[in-house]
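Here subunit A shows up in two complexes: once beside subunit B, once beside subunit C.
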Partner chain A sequence: MDLNAAHSMGTTIIGVTYDGGVILGADSRTSTGLYVANRASDKITQLTDNVYVCRSGSAADSQIVSDYVRYFLHQHTIQLGQPATVKVAANLVRLISYNNKNMLETGLIVGGWDKYEGGKIYGIPLGGTIIEQPFAIGGSGSSYLYGFFDQAWREGMTKDEAEQLVVKAVSLAIARDGASGGVVRTVIINSEGVTRNFYPGDTLPRWHEELEPQNSLLDILNTSSPEPMSIQ
Partner chain B sequence: MHAGRFLEYSLHTVQDLVHHKLLHLIEKQANSGDRIDLQVRCLAPDLPKVPFAKAFEEATEIISFRFFVPPFVWQPMKFFGVGSEQRLKEAIRVVHDSAEKMVTDQRIELSNAGSLDDRFDLLSRLIQIKNPDNQGEKGLCGIKMSKTAIEVPPKGGFSFDLCRRNEMLFKKGVQPPSYRKTGTTIVGLIFQDGVILGADTRATEGPIVCDKNCEKIHYMAPNIYCCGAGTAADTEAVTDMVSSQLQLHRYHTGRESRVVTALTLLKSHLFNYQGHVQAALVLGGVDVTGPHLHTIYPHGSTDTLPFATMGSGSLAAMAVFESKYREGLTKDEGINLVCEAICSGIFNDLGSGSNVDVCVITKGQKEYLRNHKLPNPRTYVNPKGYSFSKKIEVLSTKVTPLKERVEVIEGGEAMEE
Partner chain C sequence: MIFVELLCRYPYVTGTSVIGIKYKDGILMAADMGGSYGSTLRYKSVERMKPIGKHSLLGASGEISDFQELLRYLDELILYDNMWDDGNSLGPKEVHSYLTRVMYNRRNKFNPLWNSLVLGGVKKGQKYLGTVVSMIGVHFEDNHVATGFGNHLARPILRDEWHENLSFEDGVKLLEKCMLVLLYRDRSAINKLQIAKITEEGTTISPPYSLKTFWGFSAFKNPTLGAEGSW
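Entry: the complex of A and B
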């Protein structure tokens, strides 16, 4: 096993608009080959106060891209004199992804809220296309969610409905995709601000053949040891 | 396009040169007993003096001289046509003339032979395509000499060409020389007052242990330490470099270094080299914002965690951490847990071994416990000791303590040129 292999986030990332804002969701597994290097990573990174990005693909590439965009957006905000719009943030991400497409391997979903357009989601897959969508999915686990979203998503959901949809979707992907797992993190962005939520792996709904979460067998170590068996 | 044929051609050329020229030359030199200087561009003393080659070399040397002196020295020289610049003009003229002559010769050959299909060089190919007219002449001269290589300095940036060459050679079966790796177990954890880092002490060179007690916990700043796994040279170089940068930064700002500063410097450096600098690091420290622990991977990605392991023994150590770690450990509990995790790596991973180093960093204080645990003592020691074989006699022993010969002066004068 090559522990110095490039860190990739075989992932599930989701961005969904609802009536009043957006909800971004992601799993938390970062893998190096077959080893899970970080089981509790945070793939939803802040770009500005009102714009966040979900990262997938190569961990190094996506971290560097989001660092550069945060830097440019900060300058842009100072020059503009007011918070940046989601469209500008998404276009900056797109410019970096497209102009360096030979060297980068990262798919991103930019989501946020601004006072002109309200809640917006932009998907920026490998290669640097930018596409504004009412909902976007990405990462290796998203393959299992296309049909689900076609059926389950609808316009004008409330905040709670939308968040339940995101959590359900990520847990479905975790059930089927080996490269996704851990916990589900969600970020809700609307006119009031930003709320971060966290759903530990054992609170997620289970699907069909999945097992109950086992209490760690290591808990036995902490309980007092039983009487040794006697041979009789 | 013709990559296969090109490779074959290069192979044949090299073989030719070595067998037919280099070996004869060295044999001749060996017989004559002369010393040869391998640095000199042309080894054989009795080769015909080709004026084109000589002029080309001279031009290149004079151009490189331009880089050693500031522009206001060589530019007036060029304008007035004096000194080395005059020789340069002469050299360039010779080169131009020779190139033109070469092109004209090729054209004559073309008209004589009818076609140049069996000649692979670029000039023949281009001559065949272009119509024979005078404008083409100049263009061909330009291409032939790569004129720009003489006049313009090369562009900056890291060139990955040799990395590609290495990969190509590796695919052909050429084994690269094995370099010293720290196939390692390194760990870090956050406890109630700060950060504890731990590492084993084995350094390997392929299958051999080359250092039984090396130091893998590197100093970055008085409040920041970094454990390194991967190629020993890379981890040492990168941590030394960032440590110096942090020192300069402290001088500029007048403040204690922060862990995120070290993190960003390391991460940008490793990303720029796209994973070719093989250093996997566990960076830990305590600054004004609190205790921090980060892992940095060779490609430049980072993670921030309460406990982390890296290196070949990371799986063994992580198993220990996952079962026994909890928040709010005391210092002794933390040190014990770190030792356990490293020992797990030492005993279960072939790339890790020997002793355990621990470093405890708290607010305002650090404790570097070198060889905190020695679980692999050398148990069998020959009681007879080592003795020289009977044929070797010690004739006399003289011990001169050097302290008597060295005079240490306090104060004194500053050195001057």
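Entry: the complex of A and C
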């Protein structure tokens, strides 16, 4: 086991627009090779009051990019005299990602709300392409979600429908992607402000071949009788 | 020894073929709206053709982030040209020349823009259709051009069926014939495309649309009859 491997957030990250704002979602696993270095990371990082970014890929690279962007956006906000737009934030992220494409390995999803365009999501994959989308998925876990979103995504969902979709999706990806795991975090951004939510494993649905968690075998033995340990 | 991959690298999000033809009133260009991420058809609404100034239309295949950067360079070029406010404007020949220089100079520094470009336009009645074939900077003009798979699948059709003074309808049908072949035979093609037209009056890019495909050959129904396990 290579404990000196770079911290990578295998990850599942999602950004979804709904009628009124955006929902950003992510898992919470950071791995060093096969070891889970942090099982409760927060991959949804604030850039400004109204714009957040979901980080995937190299933990270090994504952190440094978001640090630089936060720094520039802070100055930009002071100079502009009003909150930065999501578009500006996303383009700053693109600038850094594109101009350092040889050295960086990070895929980002920028999402937020501003008074001009409302809720917007921008995907910035490896290479520094910027692409505005009604919803975006990223990270290694996203491979398992292309089909899911093709079928489940609809325009004009409510806040609750959109959040449930995000939580369901991250939870499905966690079920199949070894590099994703832990809890599901969501951030809702709209005209009213920002709300952070936290969904630990026991609140998520059970998928195929997953069983209800128990405290101990002894509880199973005590509640039902005599079948569980019957002699074969 | 300096290798391209050290300085630049591998393409990540790529667009596939672009086809361009001259027709009676100007240039017609077609491209699908796919942005592939390796073998995954990741993005399906990427506009790979954009108007440049008043007289040109640029279509690109290859790395999308590099295309986006090229558009920024061109924006600056056109802005600078407009600022002169002297009644002159850059035509397609000039824009093509600029693109070629940018591509070739980047190549010389082992830091290429990973694209193949099609530049078409009309200025003062003169139709122009040029292509920058690759990140190396090779370029030429012709009556019909294509990038990527289009070179192998579309150009033979165009060599056979293109002629001077195609009408708009015939031009569109010809492009659609080529795009359909590409859809059948290019793994990175998607069934969502746009056709763009540029004439003396200006540029129009169609809304995205899909083509009907044909699967009704009797041979398709039971291709392995009499040879189980074959394909």
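Methods note: the second predicted complex is superposed on the first by the 214 of 232 C-alpha atoms of A that agree within 3 Å, B and C clash if a C-alpha of one lies under 4 Å from a C-alpha of the other, contacts with A are read in each partner's own complex, and residues count from 1 in each chain.
One rule holds in what follows: contacts are C-beta pairs under 8 Å (C-beta built on N, C-alpha and C of every residue); 3 or more make two chains touch, one makes a residue touch a chain.
The structure displayed is predicted, hence computed values, not measured ones.
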item	value
Partner with the higher number of touched subunit A residues, subunit C or subunit B	B
Partner chain in contact with A:Ile131 - subunit B first, subunit C second, else both or neither	second
Subunit B versus subunit C as contact partner of A:Thr32, first or second or both or neither	first
Touching partner for A:Gln151 - first (subunit B), second (subunit C), both, neither	neither
First (subunit B), second (subunit C), both or neither touched by A:Ser41	first
Touched partner set for A:Asn102, first subunit B, second subunit C, both or neither	second
Partner chain in contact with A:Gln63 - subunit B first, subunit C second, else both or neither	first
Contacts of A:Gln82 with subunit B and subunit C, given as first, second, both or neither	neither
Touching residues on subunit A, where the partner in the complex is subunit C	94, 98, 101-102, 123, 125-131, 133, 143, 146
Residues on subunit A engaged by subunit B in the complex (per definition of touch)	3-4, 6-7, 30, 32, 35, 37-38, 40-41, 58-60, 63-64, 103, 216, 218, 221
Complex contact set, residues of subunit C against subunit A	6-9, 11-13, 35, 37, 40, 42-43, 45-46, 63-65, 68-69
Touch list for subunit B against partner subunit A, complex	230, 267, 270-271, 274-275, 278, 280, 295, 297-303, 305, 310-312, 314-315, 323
